[in-house]
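Starting off with a structure, shown below.
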Amino acid sequence: MIIVMKAGAAKKDRDVVLKSIRELGYKPHIIHGETRDVIGAIGGDHGKTALQRLETLHGVEQVLPILQPYKLASKEIKKEASLIRISDNVVIGGTQVVVMAGPCSVESEAQIIESALAVKKAGAHVLRGGAFKPRTSPYSFQGLEEEGLKLLAKARDLTGLPIVTEVIEPETAELVAEYADILQIGARNSQNFALLKKVGQLQRPVLLKRGMSMTIQEFLMSAEYIMSEGNQDVILCERGIRTFETATRNTLDLSAIPVLKGKTHLPVVIDPSHGTGNHHYVAPMCYASVAAGADGLIIEVHPDPEHASSDGAQSLRPEKFEEMMAKLRLFAEVDGRTL
Amino acid sequence: MIIVMKAGAAKKDRDVVLKSIRELGYKPHIIHGETRDVIGAIGGDHGKTALQRLETLHGVEQVLPILQPYKLASKEIKKEASLIRISDNVVIGGTQVVVMAGPCSVESEAQIIESALAVKKAGAHVLRGGAFKPRTSPYSFQGLEEEGLKLLAKARDLTGLPIVTEVIEPETAELVAEYADILQIGARNSQNFALLKKVGQLQRPVLLKRGMSMTIQEFLMSAEYIMSEGNQDVILCERGIRTFETATRNTLDLSAIPVLKGKTHLPVVIDPSHGTGNHHYVAPMCYASVAAGADGLIIEVHPDPEHASSDGAQSLRPEKFEEMMAKLRLFAEVDGRTL
Amino acid sequence: MIIVMKAGAAKKDRDVVLKSIRELGYKPHIIHGETRDVIGAIGGDHGKTALQRLETLHGVEQVLPILQPYKLASKEIKKEASLIRISDNVVIGGTQVVVMAGPCSVESEAQIIESALAVKKAGAHVLRGGAFKPRTSPYSFQGLEEEGLKLLAKARDLTGLPIVTEVIEPETAELVAEYADILQIGARNSQNFALLKKVGQLQRPVLLKRGMSMTIQEFLMSAEYIMSEGNQDVILCERGIRTFETATRNTLDLSAIPVLKGKTHLPVVIDPSHGTGNHHYVAPMCYASVAAGADGLIIEVHPDPEHASSDGAQSLRPEKFEEMMAKLRLFAEVDGRTL
Amino acid sequence: MIIVMKAGAAKKDRDVVLKSIRELGYKPHIIHGETRDVIGAIGGDHGKTALQRLETLHGVEQVLPILQPYKLASKEIKKEASLIRISDNVVIGGTQVVVMAGPCSVESEAQIIESALAVKKAGAHVLRGGAFKPRTSPYSFQGLEEEGLKLLAKARDLTGLPIVTEVIEPETAELVAEYADILQIGARNSQNFALLKKVGQLQRPVLLKRGMSMTIQEFLMSAEYIMSEGNQDVILCERGIRTFETATRNTLDLSAIPVLKGKTHLPVVIDPSHGTGNHHYVAPMCYASVAAGADGLIIEVHPDPEHASSDGAQSLRPEKFEEMMAKLRLFAEVDGRTL
């Protein structure tokens, strides 16, 4: 921590700061500047929160943290990229661009089977589909729940595609983990710490979506919650942040890809469907994501978008998805990767 | 719903739209404009989500909803302001400006008792204090949990102040409800729908904080989740939204007061401590909130902010809180209200 | 400047940093931390931009500035509040809350005279009205230009109210200054540096509006542009920042009042009309502004809002304005000020 | 325009609305819904602003515009993509991905010549470099002005690269146009309407940067300002929008590419240097931009970033730029384009 004193702060104010630093188990080190003093507090990070509070002391201008608050998620701890195994032939974080695709919600056996066959045919590696749905309105369709999980499992049996589906509360997390290959944490639950701890205790890879107004640092702190409970298999998913722009549902932050790649060893996946909210914009954002280095994509595909029970406007039809996959493969190859 | 066709859309595209509207149980009504057609879909709101999906049809420019998606929270349902009784002599939503004050976290018996006595002396009506703490970092202090609830209850016994404390997961919600007079839902859980439903089933007023990037409409939808489960006693709390500005921790949106007053009958409370993140800015924002018509305030007060285990930088010392309350009273009186 | 080295940075990288600091005319001072080194660069601020660039060097984690980049606008230079004289009996920055009111645009002699008489009767101190209008669309009404200035001058002659009106380009700035008592710089021109320099050379108080996504620091830098050219009479005006919220036209940032009061000696004025975009929300935001310590208000008042040529939806009718002023006076008095 | 009445609005309120619509030269058309009436106003767009103001009338819930406010920039007017010729062999908007590269500021003859030779060698098509610099601080380097323009012209003579440079005020716009092949309008001037009109009267292509908090619609309106003065050669440049995220200088909005491609015929260029503010993130964002369909890129390249007089932290060294260009070419080819 760096404590910046105000210009012309009194010596007695500075002495109180020095004393407080020592009381917290740190060693103070003063730099006398031309207009003000700056004090470094040397020590571990046991007392960082306490040091931050020195900002309330008289004569203190600001307290600047110099360390990142996450550890397990950090590249400082683990330099090489984490490879997360999803199934026998699907590993995310390496040279394979992993595509997860399927409908927003599981609606019926016919719908999920048709979707699974279609996305498999186009080359997807994982089937997505929601059984428990967190909806903004209590009056919207809330998902088929366990019945939906069973239908997903049937689709997996038929196609061999592992499945990713959302967990919305600690209570049903174990139930979902019985069926799912990847547990998804939605954007609205990205700081539901009770839920993060719960999935941290389960033996399943977690796809953690970034919250709508979550900074990269907070995103990594949420990953850290899961990892600190023992589960290291966290896949980070950028799905658009909230801005003033209304032409898209969210603003897809693709610079999050290189930023995260610089800070963490965890794989990064992009959700262009929620990120844009409009099926017209999905394919270009898929290409851009892979070109920017994303480890994977999660895409909404629905056999009949006009009759989807949620998010129809942002779902691709199977034929469009197939077309997109063909071109995406070429972009992956330029980057020395496979699809 | 209003469906706007593209300029020059083909007749057959329009016919598909008309057919779809009828299939969904609505009656279409066309307005032929100079450059494009606009179609109204007349009916109840059973099929609103389905209508929204017509946006994916060929020839459709956009679909505009014209109804608010919340009902129970709406002034269209209940015109007069809701009065929510907290205790024998504390009612929020009427002419009494209700002040909730206390430390961010319950840390020890001495600390919470000292805080309770101090805020009571200054005129606060409710004691706040966190026992279960949702912290961004898994390595930060997570609260005293049930022990903290017991200490809050002791402070209530001693001072007569009802208590407000946070619920962070469905599992411990009933436990918290045994002790608390008001259940607080934090900003990070404002769209944790499982938790909202759970507190909707409990017989306790709920203080619902606005999420960091939640629109007013989504805020009311979250209130609707609680109300649709049977609990009508929802207090809305604006606590700052996330913007690009870094001089304050969040941007306190005081215009939310008149906006909410125009749309809902529920009381509105302001949290200037989290809203600004800096104790220097708390008093002016308290005055502004009451002048703008807020029904109450929730304020962090700590006997020893430098040693607080969380949020010290934004906590008022008891003497500053007392000073603020004296002036706040005068502002309340100008507005024909009491403190 | 504080240069934070990466954990485990090589000694040779650190030596390059030390050498660069010395080359820029600064004295380096190293703090050896437990996991990384931190280097202070001691000296004036001639080389701050250059120091910032050290962030590109190998082994450097980040460069933290510790000084504010503005000087003339800063409280470090001038502790007492600046009083800016507008006319014989209007001074802003002291105990008088100054209210500027009038239509968005000057439309006709009858309209501006009627408006001026109405706002004067209700107790306003300054007449506002746009003659040169910066409009988002080239097809919108662009103002009466010099003819509008003449009508404003007529209204001043009749009522004695000084006038504030907008300057939109360097070329016509002197013309506007011949008529206006206060030169307004609009939000869209808040970083039009050529214009800021130009009004810095004129002998007229400047009302500088905050840009839609301008930080407090950038706002003060724009004031600094004007002041560095010789004109110290800058009035800062918060008019709403752009956020994700759509219930209001902008989000009025009232915490900017105490934040600015802590950093600068310049007076602060609030524009609740543009800040909210809706006449229903104007009065509560006026009360809140004064309670929070604003030095003044600038409010749109129009005798016939439905027929206004711009911004009708946010304009108060004269009778509503009068009602608001009566209550505002009481809030000002609580704060020991007059209206 | 669609006027939505409040639920249960009185018949007399509705009649006032109908009368107002007719007075404005529109034909009203009522749809009687189950809970409220909705009124379409049929006619051209002469009275759109006036119709918007009906929102202030009693009984009106909201007024919804259904037309885009821009015309010349719209695809409704011109379906095929605009090709803008920069020089004999550089045309933007077609199958050639146009790369503009060079230093943020022109600093000296040696620096701009060295930069020009380096970017040409790597395959850039246009040389960028600032002579007039709009800087946030009045104390920062403001550019070499006309001397800088002359040095740019020398670099063009030597390399054959056309040049793009910024115009910061109407007064010097013609001077800049004597030297430049493309006139750049910076983000801070993106709603400086006097400047937009001025460059609309000059015979030079304009590179218009999106403002920091400008919506896509406002961006197209600013293009419309230039086009409505007669200059149709507008190149739109996304350079990052302002959000809460602090890990990057701005948030580069790549979804703006497909959104703009859907609405306008004008070419779209991306500036990943300002968009991210960090040279580490530039190359991935270049690849992503081209994959998403951008017509070009504008990139900061400096032979000696640590000694750049502005924006060193986001500049690529020539060898990194060359490396990036080699890979970029492959991505362009996948998309059927050339570099």
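Think of it as A, B, C and D in the order they're written, each chain with its own count starting at 1.
To be clear about the criterion, contacts are C-beta pairs under 8 Å (C-beta built on N, C-alpha and C of every residue); 3 or more make two chains touch, one makes a residue touch a chain.
Keep in mind that what you see is a predicted model, and the values were worked out from it rather than measured.
> Just grab the chain with the largest centre-to-centre distance to subunit A, centres being mean Cα coordinates.
Centroid comparison gives C as the farthest chain from subunit A.
> Name the chain pair with more contacting C-beta pairs, choosing from A-C and B-C.
Of A-C and B-C, more C-beta pairs in contact link B-C.
> Express in whole angstrom the distance between the two chain centres, defined as the mean CA positions of subunit B and subunit C.
Each chain's C-alpha centroid was found; their separation is 30 Å.
> With centres defined as the mean C-alpha position, give me the subunit A-subunit B separation in Å.
A distance of 26 Å separates the two centres.
> How far is the middle of subunit A from the middle of subunit C, if each middle is the mean of its Cα atoms, in Å?
Measuring from centre to centre gives 38 Å for this pair.
> Find every residue in subunit D that makes contact with two or more other chains and list them.
213, 242-244, 246
> Once bound in the complex, which stretches of subunit D touch subunit B?
Its residues touching subunit B are 2, 4, 7-8, 29, 31-36, 38, 40, 42-44, 61-62, 64, 66-67, 76, 213, 242-244, 246.
> For subunit A, which residues are in contact with subunit B within the complex?
It comes out as residues 20, 49-50, 52-57, 69-70, 134-141, 168-171, 188-189, 191-195, 197, 212-213, 218, 221, 224-225, 228-229, 242, 279, 305-310, 312-313, 315.
> Under the touch definition given earlier, write down the residues of subunit B that touch subunit C in their complex.
213, 215-217, 241, 243-248, 251-259, 262, 275-276, 280-281, 284-285, 287-293, 327, 330-331, 334-335
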